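Listed below are the structures to be examined.
What follows is a pair of complexes built around chain A, which joins chain B in one and chain C in the other.
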Partner chain A sequence: MKVKIVSPLEKKRWIAAYLFIAPIVILFVIFRIYPLFYNFVLTFMKWNVFKSEGTWVGLNNYIKLIHDETFFCALKNTLLYTVIFVPVQITAGLGIALLLNVKFPGRTFCRTIFFMPYIVTLIATAAIWRWLYHPASGLINAVLERLNLPTCLWLHGIHTALGSVIIYSLWQSIGYSMIIFLAGLQTIPQRYYEAAEIDGASKFQSFTFITLPLLTPTLLLVLVMTSILAFGVFDQIYVMTQGGPIHATLVLVLYTYKLAFTFLKFSYAATVAVVFFSLTLLVTIIELKLLGKRRMTY
Partner chain B sequence: MRKEFMIGVIVSILMVFFVCSAVPAGTIELWTDEASMDRGVERSWNWIYSEYERKTGEKVKVVYVPYDELEKKLMAGFAAGTAPDIMAIDRSWLPSFLKNELVEPFPSDLQKKWESIALPVFKKFKIKGKVYTLPYGIDLYGLNYNKNMFREVGLDPNDPPETWKEFRACAKKLTKYGTDGKVTRMGFGIRYLGHPGGVVHKHLWAIWSAGASLVEPPDVLRGGKAGFNNEAGFAAVDLMVKMLYEDRSTAFGFPDPRQAFVEKLGAMFICCPRCTTWRYFKEAPDMDYGIAPNPRAERGEHVTNLNAHPTLCVTSTSDKKVLAFKFIEYLMRPEIQLYIPLTTNIDKLGFGYPPFSKSIWTHGWFASNPYYIKTLELTKYARIYPVNVHLAEVFEIFGSYMVKAWHKEISVKEALAKAEKEVNAVLAEE
Partner chain C sequence: MKERKLSGKIIIFLVSIGAALIMLVPFIWMFVTSFKTPPDITAHHLSLIPHPFTWGNYTRVFDEIPLGTYYLNSALVTGVIIMTALVFSSMAGFAFAKYSFPGREFFFILILSTFIVPFQVTIIPLYLEMKWFGLIDTRLSLVIPHIASAFGTFLIRQYLQSVPDELLDSARIDGCSEFRIYWNIAMPLCKPVLAVLAVFNFFWGWNDFLWPLIVINSAEKRTVVLSITTSNYLPQTAGAAGGGTEWGPLMVLSFFVILPTIIFFVFLQRHIVKGITLTGIK
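On to the complex of A and B.
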């Protein structure tokens, strides 16, 4: 049996290291891990927020969830939002990153323009877009009318509200994926492209056989982050539509918020939150499993 | 090392002392959203607080919170044990607080005083014979209409529509269309966006007038049943469907009805005059507008929502209840009762709160002011919201289905049936 002898100096270093990370770990446990478990416990109770006391109800909250039409509406909207937002965000982000990876005059300016919506306060930009989208007094419909194009109810229409929010979200966050892809593209050695060019590969072949495979880690990161962000969309919907019209843009996080802070149903909100967390975790694990296998290096 | 340690201890003790002394004894804490509304309101109330301190030596520490955040902040305060002594809330929130016994009823002598000064209509605010709040901002919904537009289309501006039939005919006549056939000016501004509860508030006049109700009986804190899945409820919801698709006298896609009215994109809408008249004065000074009772169903009566925001109540968790009620009593003084409505919205010449005290209504300024004369007329038709702990959810459910029916996503019959099922399930909860 091997016995590792730890010198007093090394021991001191370890202690110092643990002491340095201790505050953040303690805070993480208090504000992240503990609430997570407490939230789970809450799902089996009926909690009175004013009296800070609860009664045990077993699986009642979960049974109620199964019959809750509004929950399934929120789930449907969340999935729809994610399924549209994520692929478009990744494709567009990658496309723009590829274009802005090429040297041309004004490239830095263009990169800044694309990234700027991401760093400006989301609440402010969402409020501006809410005005832009207004069917009667908004700029978008005014321009469309001028060009004799059909106008739209945008955020006011049941069938157009979610799409309008997605368009805004794409505009707001495309810079984020662009920057990450750009960073990923910088890590691909130029010699691979040179070698491919010498061998007569086309641009498309270079992209397919060099860029994409070597970009897989970055792609995985963007996919996971974007999926999590899409599942947890809240701010822009809260500002722009509050989940309306008639639940057309109601998503899981907003539903959880309403249950807790409008209807004071904390236990039931905790139940929805647990389901939401589980779904997000499941999707993330699937993505990691599927794409993680396809990592490649040359 | 020992010296630094001692200094650290002394500094900590001093900090704790200063924190603890931030709210000195004899100070009551009041949470309100009033200042977020208007500078004139803030000035008026600040004067009241300073006068109270000058006369009694007792301070009122006021915390201003935006309306949308106030209920949540109060909830967090009660949960954390940091709730104020007095809260100035929207009366429709009261059932949630009553359910958890968080509001203190007025002592009997103060209640007697309240009853002696209140305009008779405000006695509807008593719950099971007890008084819990002193209302200040009183909402009474009425039909706001543009008299200039009435004249323009040949309608008598002094003869607003009485019945739904007249209302529909007026709205149709007042509507304008573009060359593409789309509505460019609504005869009636429909509220369909935003919180479903807000949509229901603006349509209760029709529901009640037709003979339906949200919850039956309306004065039970717990339990009850939905009272809208019937012929009356159908007629009330169907009224807007007919105006949207048959008459085409209203439409989606316009700004909020208040905004549309100010911008002359709508000829009529339903709202409380208190929230709107000051806007006309500022944003549409040439507006010649009228206020009338809400149109009634053919065999129904005129009905108007009576709500109060803000309404002041003492929290049951307060350890300064005596002081808190003392301040409430101060607000009932005749000079304060006169001051508030005269000076709120001071920048807009005082189209402010309708007075709570009946004696103020006979004061020359109010008795001759057309806005107040009309408001007093509206009190004849006043009806309060159900006092039910699940009221917020009932509003949300009913409002969602009603708007679905207006969008023709489902039929009115189906909307009412589904809403009834969900509302009854909610009302059956503890």
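On to the complex of A and C.
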């Protein structure tokens, strides 16, 4: 074995470095890593809120989970929300980015407007949209009526509530993917397009053979980020529907929240949170693997 | 050929402006509704000019909602979040970028790994922990989840890695202490990235909802964002029909909730866009 000799000077630097990272490492262990670990521990307990102590119950919470119809409803809604939200968000975000990548007067103004809903307080815009969606006096139905189109119950209809929340979420977060795609588009050298034009490629061809392949890393980033965003959806549902009507918009995070802070079933709520976590992790890994392989270099 | 290009541009112009205006409709309608009287609100009018025009919703909100207290709480919490996040993550980011010490990779990966853990996963144990520390219903508890964020450490480490070591070494030769190297040399270099981090933490702190909803009980400790769901204008018992919802005052309240974020957005747009494209993180 080689013995490494550490000079006093080097030792001094080590101490400095440890002092620099100490606050954040301590905070992390206490408020990030320990809670994550403890969340798993909780799933094997029955937590008594009033005594603030748990008793071991083995796999009881997981067995309960398998027989819990409300849980599967929340799981189904979360998956449905994600499966619709993510592809539409990516396609529309890319479309708007392509549109706003063209130079024209008012381009900066348009970018600002598209991005604004993403940055302003979500809770407030969700309240505003709840008003727009109102079946009797909301703006959307009023406009539909004037245009002689059929009106809709929106947030109050069992079959339309989740879709209505998705439309709101798209409005809210489209600016995020737009900004990232715009940044991605700017990294593609203009000369590739010029060369393609000389070779007689159509606009559509240069899009499929130049833009898309070179945009794959950006696409991957937006895909992972919007999937995580979609899985964790909570705020707008809390404001707009509270999970209703019946359980039409109940999602995993809202179910976790209600189990814990309305029904005080802390350990069972932690079990739902574990499922939520595993799902997020699984999807992130799959997406990284699938698209990561296809990355192209020119 | 040139004519075709021009007409294409005109179409793109019209489509983009049209879509942008549609995006603005919710904000415009919020504003219009806030000046309407209750009968006018439910009357299904499409008119953009409130008739009769009223300040009634505004005076009601000022009378019934302690907006000043809420603003103060939000400002206080967000301010502390920004300060602590900047100091702690810049110190750690600096050490990870510019020192080699045993366990560096381990600690860095430990911090980075929390990136993949959504905050919502740990709300229950974190709540129990806060209870144990006696921090429930305190403004301090609102700050804690934000300080322990991997984002800043990562951002500053990336940025400082591009700074040549010679710069720091020459300062060492001049007799600078390690802390002064961090404070007087590394931090001034980090100004642009610190600005991005401050802006992000402002929006995270200001717009935070789930965590304040869980830990804050007393009215006088509420943040601005909590004012909407705790007001009587949007009763939680309203259910599907939305009965009892008072749209006029609710729109006024929404206006005051989003106002600071819009002001910040207008002034700091450059930093926000730069930050997002730099990292991809929201």
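A few remarks follow.
Note that the second predicted complex is superposed on the first by the 277 of 298 C-alpha atoms of A that agree within 3 Å, B and C clash if a C-alpha of one lies under 4 Å from a C-alpha of the other, contacts with A are read in each partner's own complex, and residues count from 1 in each chain.
We take it that contacts are C-beta pairs under 8 Å (C-beta built on N, C-alpha and C of every residue); 3 or more make two chains touch, one makes a residue touch a chain.
The structure displayed is predicted, hence computed values, not measured ones.
Judged by the touch definition given at the top, the superposed model places A:F72 against neither chain B nor chain C. Of the two partner chains placed around the shared chain by superposition, chain C is the only one that A:I128 touches, whereas chain B remains out of contact. Look at A:H247: by the touch rule set out above, it reaches chain B but stays clear of chain C. In the superposed model, A:H156 lies in contact with both chain B and chain C.
Applying the stated contact rule after C-alpha superposition, one finds that A:N48 touches chain B and leaves chain C untouched.
Of the two partner chains placed by superposition, chain B and chain C are both touched by A:A136. Here chain B and chain C are compared by how many residues of chain A each touches, and C touches more. In the superposition on chain A, A:T262 makes contact with chain B only, not with chain C.
Overlap of the chain B and chain C interfaces on chain A: residues 52, 134, 136-137, 156, 242, 244-245, 261. Contact residues on chain A toward chain B in their complex (touch as defined above): 46, 48-52, 69, 134-137, 153, 156-158, 242, 244-247, 261-264. Contacts from chain A toward chain C in the complex involve residues 12-14, 16-18, 20-21, 23-25, 27-28, 30-36, 38-39, 42, 52, 96, 99-100, 102, 104-107, 109-110, 112-125, 127-132, 134, 136-137, 139, 142-143, 145-146, 155-156, 171, 176, 179-180, 182-183, 221-222, 225, 228-229, 231-232, 234-235, 238-239, 242, 244-245, 253, 256-257, 260-261, 266, 269-270, 273-274, 276-277, 280-281, 284. The residues of chain B lying in touch with chain A in their complex are 72, 75, 78-79, 96, 100, 102, 192-196, 252-255, 260, 265, 392-393, 396, 400, 403-404, 407, 409, 422, 430. Of all residues in chain C, only 9, 12-13, 15-17, 19-21, 23-27, 29-30, 33, 41-46, 88-89, 91-92, 94-96, 99, 101-102, 104, 107, 110-111, 114, 116-129, 131-132, 144-145, 147-148, 150, 153, 178-179, 182, 203, 206-207, 209-210, 213-214, 224-225, 228-229, 234, 236, 239-242, 245, 247, 250-251, 253-255, 257-258, 261-262, 265, 269, 272-273, 276-277, 280-282 touch chain A in the complex they form.
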